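What follows is a set of structures to go through.
Here come two complexes built around chain A, the first alongside chain B, the second alongside chain C.
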Partner chain A sequence: MTLTQFVAKNAFRNRRRSALTMLSIGFSLLLLTLMMTVYRSFYLSKGSPESSLRLITRNRVSLVFSLPIYYRDKIKAVPGVVEVVPANWFGGLYLDQKPEHFFAQFGTDPQDFFKVYNTWKIPPDQLAAWQHDQAGAVASAALAARQGWKIGDRIVIKRNIYPVDLELTLRGLYNTDEPADSLYFNMKYVEEAVPRAKGAAGIFDIRVDSAAAVPRVASAIDAMFKNAPRQTKTESEKAFQLGFVNSLGNVKAFILGISLAVVFAILLVSANTMAMSIRERVREVAVLKTLGFTRQTILKLFVGEAVTVALMGGILGSLAAGALVSVIAHSPSMGFFFAGIRVNVPTLLVAWLVSALVGLASAFFPSYRASRMGIVEGLRHIG
Partner chain B sequence: MAIPFSYNLRNLRLRLGATVMTAMGIALTVAIAIFIMALLAGLKAAFVTSGDPLNVLVMRKGSQAELSSSVDRPALQAMKYLPGIARDAHGEPEVSPEMVVVIVLPRRDGTGEVNVTVRGMTPMGIEMRPAIHLASGRWFNPGQREIVVSNSIHQRFGHANLGDTVSFGKGEWTVVGVFDAGHTSSDSEIWTDVNQMATDFDRPVFSSVLLHADSAVAADALAHRVSEDQRLELDGMLESAYYAEQTKSGAPIQFVGTVVAFIMAIGSCFAAMNTMYAAVAYRGREIATLRILGFSRPSILTSFVLESIALSLLGGLAGILLMLPFNGMTTGTSNAVTFSEVVFRLQLTPALLLKAIAFSAIMGLIGGLAPAWQASRRDIVAALRS
Partner chain C sequence: MPTAAETTIVQARNLQKSFKRDSFEVKALDDVSIDIAEGEFLALMGPSGSGKTTLLNMIAAIDRPTGGELLVMGENIFRLSDQQSAKWRNEKIGYIFQSFNLIPVLTAFENVELPLLLTKLNKQERRDHVLTALKLVGLEDRVHHLPKQLSGGQEQRVAIARAIVTDPQILLADEPTGDLDSHSAAEVLEIMTRLNQDAKKTVVMVTHDPHAAAYAHLTRHLEKGMLLPA
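Right, the complex of A and B next:
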């Protein structure tokens, strides 16, 4: 019997205990993987490659205030800018206030919209139909599937910010890998019904020609309007979205705090298990020593056992987290913040490393004590 | 006959290492649950105590927030002399046209920028909020570019000391006072003169109008009267009802918090189960002896379940102790209605602590049931021989 086999056999000799420990560590690691994934997607990832070419310009004071529409041509003239479209948050109500009926609605310019979002796929005939119908709308295929819409359906959005109800006809569906479950309509619809909406843009969506141009274009735009009546703030799409997350509070500290608590909790669970299983085997250790096993070998045996159990729990938990994340990313109510996130391989590896380290740390002290215990004392032990 | 509870307590003390480690694991779970509940309790308290019960808030029909509402000047004139509106010492009707905008301010601790509500009002508006008083400085003068900030904004944001200037609209505004709004929703606002604001933001209309009724009955009647007037196209509601609705801002915290606490609770249940199984295995002969002495199976079962619950309660208490220092801590989140930051304090209310204790007891119950069942079913002869 090799040392590895010996470790594997011992790790599962008390099946129930190993299973319970694995489950306990597994659930904690599930949580830890979730937290790490959210953290990564909020703070570490730079967004999808397509979105990294997009910038958003808004009113410097606050999103609530609009920008003059004539800024559009000025922004388009900035070197590096490929295309610019305005987007106006409508904020209306579809059917009722239920979260599953919530989605973003934007008024925009149908002629140029898909030139900015050039990686989003829409059939040319549907695009043309949208451009020709001022009361037309397009939606992401995912949103349409969720709401049960087909092309040609009438969609009524009730008023909130602007005193007009939208009676739209769905003209097209677009497909994209990005989290963009929104509905877009022609901004002229609102402008003609509400005079004060004329000549104003909520934000400008901008596409630049290269990732390298992003910071340069952002500062060039803001510098251009520095002394204008309405100053601008231009940032990458990712940074713009992060602004919403940060408004929820100190999300970073929240995630780190929970992660810390989780790691500490699994350390306790694992240490408790190892302490219990080593206490039961004091006599066995003495026998092993009598047979000529060295202290180091015995130490390795126990540590290996703990790492095996912790690691298996960690693998189970992190894989379950992967499944859970994809459920959350597609859920209607939380999709707004978590759309598009998924567990990636580095996150999994970190989760496994954490569980292995926890196993190691938890076993070290009890196994060290066991390995140091005198043979005679151990053989006499009753327990 | 029941086994004395002190038997269980002694056993917990005997296996001190396992007891402490399991209890600490449960303590962490309980601490997280308490944290989430304290956040929500604080948020709720901030909204529920906001708004005077005699104040009626008037917004455009269909608007869910002051930010997206508008009320024009003719409508204000039409409402000013409605019956039921209280009069001040000079016989003026207590009516305040208000304007609400959201501006961005940098947090003092450098963790980013936050949306803050600026509310324009008339001096009458200040009188209509008797619960709110000046902490330092003075109120703004009408027609001046002066602002008064709430205590929490004064503490949490840079450039919000007396004499500092804040830039929004068409230029700089001077901070002339700090007001104390207790722990209400107004504690997250900046107040200034409504007419000065209207000029700055080129907005000829108000966001909302606040009416002060002379009695609770009149307040209800006023709200109905405004809502039903076809010419006005406005909705009236009690100010307190408007703020109570905003407690839904806690929904994201509640969702995330519930998921986190639930997952951690499952993990803790398994840990407690593990410890209790070990306790049962360790005491096989002891349990058999108890049986021989005449203790019945149900009393063995009860005894071990109680031991598990005691173990978890220990963890629950430790969790409460761990979280007590956080009571009263100030934090903020985004208000789902106003899109601006609402500041509130973590509140460890007695009801919440009871819930935390119940939560830990339930974990103990679930973790202890299976091992206790096993203990009570064990064959006496086999256990004595082991």
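Right, the complex of A and C next:
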């Protein structure tokens, strides 16, 4: 036996209590890992390398207001811009309002769409089929698999914002590593059915020639329309998505608040358990000291026990969070905000560090007191 | 008192221990002076509260006097720091408790091995020491048993093995047979006698039991904190 094995044996001497402590720490770390992952995804992640070359221009006032379609050519003329394509949010209903049937639908220009999204893969014949069918549509392969579509299927999107139902034919499937479970169709379909939609674009998707050009291009576009009737706001794809998140309120403060509350709660749970465990073993501490164990060694033994239990709970919780995040990311009802989200290694390491620190902090004070207790006093203790 | 030819291993002079209980001052030890010779088997007897365990605890450096001097193996143990006295106890003292005080999650082997974890011995050396100690107390066939799987007598024998595994010079036993039936008590006392006679350990045993005290070479009585004349 080594001192480490002694610590491990003591950590699980009361299996039910250790298991419950591990579960409570595990559950808290699950929440914390979820919060950290969401925070990282929203505020720290820079998005995919491909998306870093893309900008989105929208109406400066609100997304509710559109931009004139003629802005497209002006934007394309800005040095550094490779391609521009308009996109209009259709917001219709597929089959019913069930979450699993929700997905984004955009009207766009089939001729240039894959020039902006040039890393998305679509077979040339399928692209050509879409470009030649005004009622054609393309969807991500993942979305098609989830909805059970195959090429040639008829897809009806019921009206919601626009007073028209879309009766589309699936002409192509694209593949991408980016979270893009959407359906794209020719915007002329809606424009011909709804005259007021003509000449307007909800947003412009832009591809620039280099990441270094992004800030300069964004500023140049917004400066160009500074005195226009409809001013623009150009931002990175990531910032654009973050705008949706921020529309829910102060999400950053919410996440940080929950994270702090979770850490504080597990600290209390763990401290209570450790205090109880140490109080029961006052006599044993005195025996160990009689055998020659020093205060420092006893302190290390107890703190080691707490860190072991907390760390195991933390590992359990953070791995469960990883599995849960994977489920959320692939969930049709949550995928819109959380598509592509995953628990990465640094997040896991931070979660494990937090759980180890919780174990350390919760055990230190009761362990220190136990280690300082006189041997005679400890031997008299009836525990 | 030991003769000049005998080496004194414990030398206490005017030991005092007093503490306050409410507004009263209680004297646990009152001017106790005693010499214990190396290789002695001494029984300390007396009624409850007479100061027997207090004296034993002082020899083990787990309690401190409020006055007087105590030399154990020539060392003034109360001048040692906490860390030094812990190391000193580990090397020089074997302590046997009345209620065994084995660690419930450890096997007999692991309980005996505990004091050796603080030494520089390697795994094989520790194993050899532990098995030797367990063999000495006749428990070589109970190596992997947990305390709850042992009888009281066997638990106390494991505790004795734990006390001797570091090969200390002095064995201190506080009512070692207090929780045992007469048969187990006799076994434990036989082992302690063997350790005294064969392994030349100095044994100081606190007991209430005259039968247990009969195993000792010498019995000293304490009463109200004072050591009665031999």
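Throughout what follows, the second predicted complex is superposed on the first by the 382 of 383 C-alpha atoms of A that agree within 3 Å, B and C clash if a C-alpha of one lies under 4 Å from a C-alpha of the other, contacts with A are read in each partner's own complex, and residues count from 1 in each chain.
We adopt the following convention: a contact is a pair of C-beta atoms (placed from the backbone, for glycine too) under 8 Å apart; a residue touches a chain by one contact, two chains touch by 3 or more.
Just so it is clear, the model here is predicted, and its values are computed rather than measured.
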item	value
Which superposed partner A:306 touches (first chain B, second chain C, both, neither)	neither
First, second, both or neither for A:341, with chain B first and chain C second	neither
Partner chain(s) touched by A:287 [first = chain B, second = chain C, both, neither]	second
First (chain B), second (chain C), both or neither touched by A:9	second
Per-residue touch tally on chain A - higher for chain B or for chain C	B
First, second, both or neither for A:249, with chain B first and chain C second	first
Contacts of A:27 with chain B and chain C, given as first, second, both or neither	first
Which of chain B and chain C A:316 touches, first, second, both or neither	neither
Partner chain in contact with A:376 - chain B first, chain C second, else both or neither	second
Chain A partner contacts - residues on chain B that touch it in the complex	17-18, 21-22, 24-25, 28-29, 31-32, 60, 62-64, 67-68, 101-104, 111-115, 168-169, 201, 252-253, 255, 260, 263-264, 266-268, 270-271, 273-275, 277-278, 331-334, 339, 341
Interface residues, chain A side, partner chain C - complex	1-3, 6, 9-10, 13, 283-284, 287-297, 374-376, 379
Complex interface listing, chain C residues touching chain A	57, 60, 62-63, 82-83, 86-87, 89-91, 95, 97, 101, 103-106, 109-110, 113-115, 117-118, 162, 166
Complex contacts: residues of chain A adjacent to chain B	16-17, 20-21, 23-28, 30-31, 60-65, 91, 158-161, 163, 243-244, 246-250, 252, 258, 261-262, 264-266, 268-269, 271-273, 275-276, 333-334, 337
